[in-house]
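Shared chain: chain A. Partners: chain B in the first complex, chain C in the second.
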Partner chain A sequence: MKDYRFIGKSTPRKDALDIVTGRTKFINDLTIPNMLYGKVLRSPLPHALIKSIDTTEAMRLQGVKAVLTYKDVPDWKAGFPHHVRILDSKVRYVGEGVALVAAETEDIAEEALRLIKVEYEPLPAVYDVEESIKPDAPQLYDQFPGNVFPQDNVVFGPHTLNEVVIGDIEKGFEEADFIVEGTYAYENIPNPLPPESPGVIALWEGTDNLTVWLASQGPQIFKAAFQRRMGNINLQSLGNPVGGSYGSKYMSWQYALPAVALSKATGKPVKFCYGKAEHLAAFTLRLGSRIHGKVGMKKDGTVTALSGDWLVNSGSFSEATQGMVAVGCGEAQLMLRCKNWSFIPKMVCTNRTASGQVRGFGGQELKCALTPILTMGMEKADVDPVDFFKKNYVKAGDGFYWRDGDWWVCRGIDYSNAINQGAETFGWKEKWKGWLKPTSVNGAKYRGVGVGVHGNADAGEDVSEVYVRLEPNGSAIIHCGIAEHGTGQRSSICKMVAEVLQLPLDRVYVTPTDSLVNPIEIGPVGSRGTYAIGGAVIAAAEDAKRQLFELMAPKFKVKPEDLETEDGMVYVKGKPDKRIPWIKEMQYYGSIMGHGRFESDFSIPNFMMIFTEVEVDTETGKVDLIRVVGTTDVGQVIDPLSLTNQLNGCLGSAGIDSAIFEETVLDTRLGRIMNCNMIDYKWRTFSELPEMEHSILETPFPTHRFHAIGVGEITPSPGPSAVLMAVSNAIGVRIHDYPLTPDKVLSALGKIGSPMRRE
Partner chain B sequence: MTLTLEKSSHSTLTLTVNGEKHSFMLGEGPHEVASSHTLAHTLRERLGLTGTKISCDNGACGCCTVLINGKAVQSCMLLTVECEEKEITTIEGLGDPVTNVIDPLQQSFIDHTAFQCGFCTPGIIMSAKALLNENPSPTRDEVKEALSGNFCRCISHYHVLDAVMAAAKKGGNQ
Partner chain C sequence: MKLFAHVNAYSVDETIKLLAKYEGTAKLNAGGTDLLGVLKNRILPNYPEVIINIKSIPGLNTIEEDEEGINIGTLTTLADIIASPVIEKNYSLLKEAAGTVASPQIRNIATIGGNLCQDTRCWYYRYPDEVGGMIKCFRKGGKTCPAVSGENQYHAIMGAKKCFAVCPSDTAIALIALGATLTIAGAEGTRTLPVEEFYTPLGSVLNSGEMIAAIYIPKPSSVAGQRFLKFTLRKPIDFAIVSVASIITHDQGVCFDARIVLGAVAPTPVRALKAEEFLKGKELSEEIAAEAAGLAMAEAKPLSKNAYKLEIAKTLVKRLVMGLT
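Up next, the complex of A and B:
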């Protein structure tokens, strides 16, 4: 393996000093002169018409600058298809906005909310995905009869994938040695819960100038989506460091649009930051996912047919549900080399806060429900799940429909080595005793193991465009609109440029995440930071280097390709003693601008497998996560510590723990979320960390300059179904109701009746 | 404490933060400190010390942790008016104010990339600092226990433990 100067070496994050000294400015740390504070009055009812709304008293309160209702907000629409207004005359979930207030202080804005009088006409509400599609169910939208979101959308182009129909499903089932069938669900709608709640500052000036400072994983997406919808205004989007996102702050319109409307109404900058209760009860959650599925299998674990109805509960609106379903459908094919499919999703709205993008993007939600059906087949065939996943994970030459609806053929590597090494690190062979058999028993404590797999083909998704500017003093500036949301990717792209140009790392900078100075950048999502954004960054640095050598070649009387550069000096290959600094030819007034572009490529899937060992206390029903081993192949590590951070992230962001204790509890009598604070919403503490180990392979990917591929987004997604398998094996009973809280475990063991919540 | 809140419009409050004294008028005005204000609010909104983060605002997550007389406390759970005559240290007050050299614990967080998004990091560093003040040679389990009130959703816990243990070791304590 090539020994690089920066790539693969641990280097401090460029933003590290600011982070550890508290100098990093997150959105709520910013103030702008004359800034007002925005607040939202939220609906106490899950489904109702607003009969009347009186804002007179609120307007009279000193310090209040604007109170807006559905009658006076701009008619910008969001979601897919465009159907969500900032405020509407109908509310569809508890927590939906009813009125907006801008005031001089947060306290005054809060007080004004109490002075708004609203009269509602309550409507019946529906929460269950199958109840919602019944003919007599309450209807949420006139334009979506039957509460089903249309699939003829253009999220990912005109042919966006909206089902998996391949081969001959009947013939597939005929070829099977046996068929298993069942219904499984992942409907605990956990919250990815970044520590920083969503927030924005918006400033509307004059008739058509808008500046937004966004805590967003993709601040330029807001501009791309809304600039034209707002009348082709001048829109500058600025991305702040993001205090965690895990996908959830990618589409920022839910919090951005109210602030924009208030700023437009007042002419002043308006800050609007969610409180934690709003974040937990009125922001987007994971999708609800339920599958009625049927699998045909041969005795050796070959899957001959898969049919199923995938019922997707999107809550009150679709933020990006069609896109998540498209990617989920693609990812199902990556994990399963099956020739005959009939897998049909249905996207349904219900009266709870909406589901939206979360790390795992449809794929985690799908896997959590689909894998348990597959394990029924594995159990019947008595196939080891590690062998099953190894046999069935996509290999070079296999084809699959990806999110754009096109048929892609895998050009990636074989992940069997990663699986083998992961199994060895975990000690799978010793711990696996067969289906529904514990690994060990110690009194009332039963241990079991489970494994899950995930991967996507989005590591090369979408276009990225980047400029790299060389300055005469021997430094490089990367013009890239990438936001920093915790992966360290802004630092990692500096490493890539430093490596290409052989510059010290402290001579490479990235421009602020500002749409005025950078080409459009969809952002670090879907593990695309390394391969797609990195690909554009590297191409721009190479282009700049080429121009530099063309400029310097006459000086050396050689061809440009005979030159090398190091630390801002140029020399002829093999003759490093005679060096000329860049400035000699660039002059102090010159600069070089290299351009790089990456085009979408869905042919290189990435891969993540997670092994888990759990201990179940059969007296109390408590499940403890004892050990986690992740295995992947990244081609080439860019930054070792950033990579292990991302791999450890499998526990967080509504990942593994959504199988053990994480859930958003919806009271279906009132439509209210009952655990909207961080005491009642459960999260893992330092004192309950499992042992964590990773096996990281580096099999070079030939299609990347440094042979690397990203995996950050996918790390949590194999985890929940692995835990389900582990607990089932520990207690010898199939159990599948996420999360596996003690009541459900004891119920599965027959020690108590059905848990109350399963009404 | 000698303040009389009844005379709030004429009363002042003095806080000692990072070794500096700051006086405030008590009251409900935009630049005053109200009796309902939390210390976290006052630090951020009146003193501009935004290194102290507010996440849950409910005493659950530890993002707002500061030191009061050397002990870790959640500043969202304390009223500012209770904090007079106490030594308050925030993340901005770590390190040497003269040389600008950061605290070895902060350096260790940099060396171990013991953060991802970094939002919870100031609170975690302050909790760890309080632990090391009291117990300069903690075991890994003692560090876990001391940080059990600090939320981190990116899961940087493992690197944090490495960073705190390394800082304790460098302090010549192990």
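Up next, the complex of A and C:
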């Protein structure tokens, strides 16, 4: 393996010191002269028509500058297909916006909300995905009859994947040694809950100038999506340091549009930041996922057929549900090398706060419901799940339909080595005692182990475009619209450029995440930071280097390709003693602009496997996570700590813990989310971490300059189903109702009746 | 947050006068860890006009020991209780209970008096006003308790009639097991009351003109075993799903005295009197412990989603009696 100067070495994150000393300014730390504060009046009812709104008294309150209702907000529509207004005459979930207020202080805005009088005509509400598609169910949207969202071509093009139909399903079942069938669900709709709640400042100036400061994972997406919808205005989107996102703050229109509307109405900057309760009760959650599925399997673990109906509960709107379903369908094929498929999703709306993008992006939700069906088959075949996943995970030469509807052929590496090393690190062979058998028993405490797998071909998704500017003083500036959403990726792209140009790391900078300065950048999502954004960054640095050498070559009287550069000096290969600084030829007033572009490539799937060991107290039903081992192969580590942190991030952000205690509790009589505070929403604290260890392989990927691939997005996704398997094995009973809280465990053990479910 | 007037009090007498002056529109702030959340979320139908800060009263945060017992000032922080060698030596039950409350940061400012007087954690009662309006449940003068046929996984499994919220205080059950009494100051002077008699189904006997001034704990027998168990989903931070405190004295395996108190199973802390009586004179064994646990929970009638709490309560009582964790 090549020894790099920066790549693979631990280097301090460029923003680390500011973050840990409290100097980083997050959205809520910013103030702009004359800034107003926005607040939202939220619906008490899950489904209702607004009969009347009286804002007179609120307008009269001293310090109130604007009160907007559905009658006077701009008619900008969001979602797929475009269907979500900023405010509507109909509310579809408890917590939906009914009116917006901008005032001189937050307290005044809050008081003004209480002075708005609203009369509602309540409508019946529906929460369960199967109830919602019944003919007599309450209808949420006129344009979506039957409460089913249509596929939308805008998401991933005209052939966006909306099912997996391959081969001959009947023949596949005939070839099976046995067939298993069942209905499983992952419907606890956990909240990824980044520490910083969503926030924005919007400033509408003159007739058509808009600036937005966004705490978003993809601030430029807001511009890309809304500039035209707002009438081709001059829109500048500015990214701010983001206090976590986990996918959920990527599509920022939910929080940006109310502030923009208020700023347009007042002509002043308006800050709008969600509070924790709003974040928990009125922001986007994970998708609800339920599968009626059937799997045909041979005795050796070969899957001959998979059929199923995938019912996707998107809540009150579709933020990007079609996209998540497309990627989920693709990811199912990466996990299962099966020749015959008939897997049909249906995207359904219901009367609760919507499901939006969360890391795992459809695939985690799908897999959490599909894996329990597969494990029934594995149990019947008495196949070790590690062997099953190894046999069935996509290999080079295998084909699959990806999100764009195209058939892609895998050009990636074989992940069997990663699986073997992970199993070794975990001690799988010693701990695995067979299906529904505990690893060990100590009084009432039963231990069990489980494993899960996930992979995504989005590591090379979408176009990225980057400029790298060389300055005569021997420094480089990366013009890239990448946001810093917590992973350290802005630092990592500096390492890539420093490596290509052999510059000290402190002489490489990134421009602010400003849409007026940088080319469009869709952002660090789907693990694309290393491969896609990194690919464009590297290409731009190489291009700049080529131009530099063309400029300097005459001076040395050699060909450009004979030159090398180091620390802002150029020399002839093999003759490092005679060095000429860049500035000699670039002059004080010159600069070099390299351009790099990455084109979508879905042929290189990444990989993540998680092993878990749990301990179950069979008298109290308590499940404790004892040990977690993640295994992956990243080709080449870019930054060891950043990677480890991504792998450690598998617990929270609606990951592994969504099988243990994370859930959103919805009272389906009131339509209200009951656990909208940090005590009742069970978010793991740092003082209760399991033992964690990761096995990270570096088998070079030939398709990347540094032979690397990204994996950050998917690290939690194999976890929840692995926990189900571990708990089932510990207690000797199949259990599958996420999360495995004591009531469900005691019920599975027959110690209490099954907790009553009311849908 | 809505504005309120803020007044510092410098003595218990002054506090009582201020409470009288504001006639039920004032709230006391001892540490604020519970109060500020209540105010911020606007869960109460009547927002207080005045907050009386009692942190400014000198001398109310002391722990004084004599031969008969200890007197703990109402403003003593939970962190100070945990750190007190006196409490560790003779009243370890209280230390253990206080140590399970919230997080170190909160224990640094939360007080023992505040912990006893904190409001219930019922999520219907606590539903924040900003997301569709607060919920007017029975406890707030409404007609029904929405938990009865709703999301009642954390609610009462016994002893509830109109409101199924549970008393969240961990220190209360420890103090009841220890036989502690409260000194309550009011307009009529001070009165003393066993902690056991302090709680009512909708809160406590404290009226709007009163405050807890001190807690007195008689010194328990040095041979009595003091134990506290609390079941939560997360070890730090969480309020109890079930908690149990006990003082059991036995001689060579034969129990001759037992006090067992359960928390978070009912609107008030619950003394397991039948189990206590049953244990006296019995040789402790797993069967006896299980039987005592059954008696402790004999009157339990779980709701639709909280039968698991009954199993956990029985397990905790059994483990407590057996000396297990």
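By definition in this document, the second predicted complex is superposed on the first by the 754 of 759 C-alpha atoms of A that agree within 3 Å, B and C clash if a C-alpha of one lies under 4 Å from a C-alpha of the other, contacts with A are read in each partner's own complex, and residues count from 1 in each chain.
Definition applied: a residue touches a chain if its C-beta (ideal position, glycine included) is under 8 Å from a C-beta of that chain, and two chains touch if they have at least 3 such contacts.
If you're wondering where the values come from, they're calculated on a predicted model, not measured in any experiment.
When the shared chain is aligned, chain B comes close enough to touch A:T24, but chain C does not.
By the document's definition of touching, of the two partners only chain B reaches A:N648; chain C does not.
Legend: residue contacts after superposition of the two complexes on their common chain; A:K682 is shown touching chain C, with no touch to chain B. Residue contacts after overlaying the shared chain place A:V409 against neither chain B nor chain C.
Shared-chain residue A:L516: touches no atom of chain B or chain C. Between chain B and chain C, B touches the greater number of residues of chain A. In the superposition on chain A, A:T620 makes contact with chain C only, while chain B stays out of contact range. Comparing the two interfaces of chain A, the one with chain B and the one with chain C have residues 107, 275, 677, 679, 685, 687 in common. Note for the complex: chain B touches chain A at residues 28, 30, 34, 44, 49-58, 60-61, 63, 90-92, 94-95, 102, 106-107, 109-113, 115-122, 125, 143-145, 147-161. Those residues of chain A that touch chain C in the shared complex are 42-45, 94-95, 107, 110-111, 275, 277-278, 281-282, 619-622, 661, 665, 667, 669-670, 672-677, 679-680, 682, 684-685, 687-688, 741-743, 746-747, 751-753, 755-756, 758. Residues 1-3, 37, 41, 103, 121, 123-124, 126-128, 130-133, 135, 146, 149-151, 153-154, 231, 233-239, 241, 304-308, 310-312, 315-316 of chain C touch chain A in their complex.
Note for the complex: chain A touches chain B at residues 10, 12-13, 15-17, 19-26, 28-29, 104-105, 107, 192-197, 241-246, 275-276, 484-488, 639, 641-642, 644-646, 648-653, 677-679, 683, 685-687, 689, 692.
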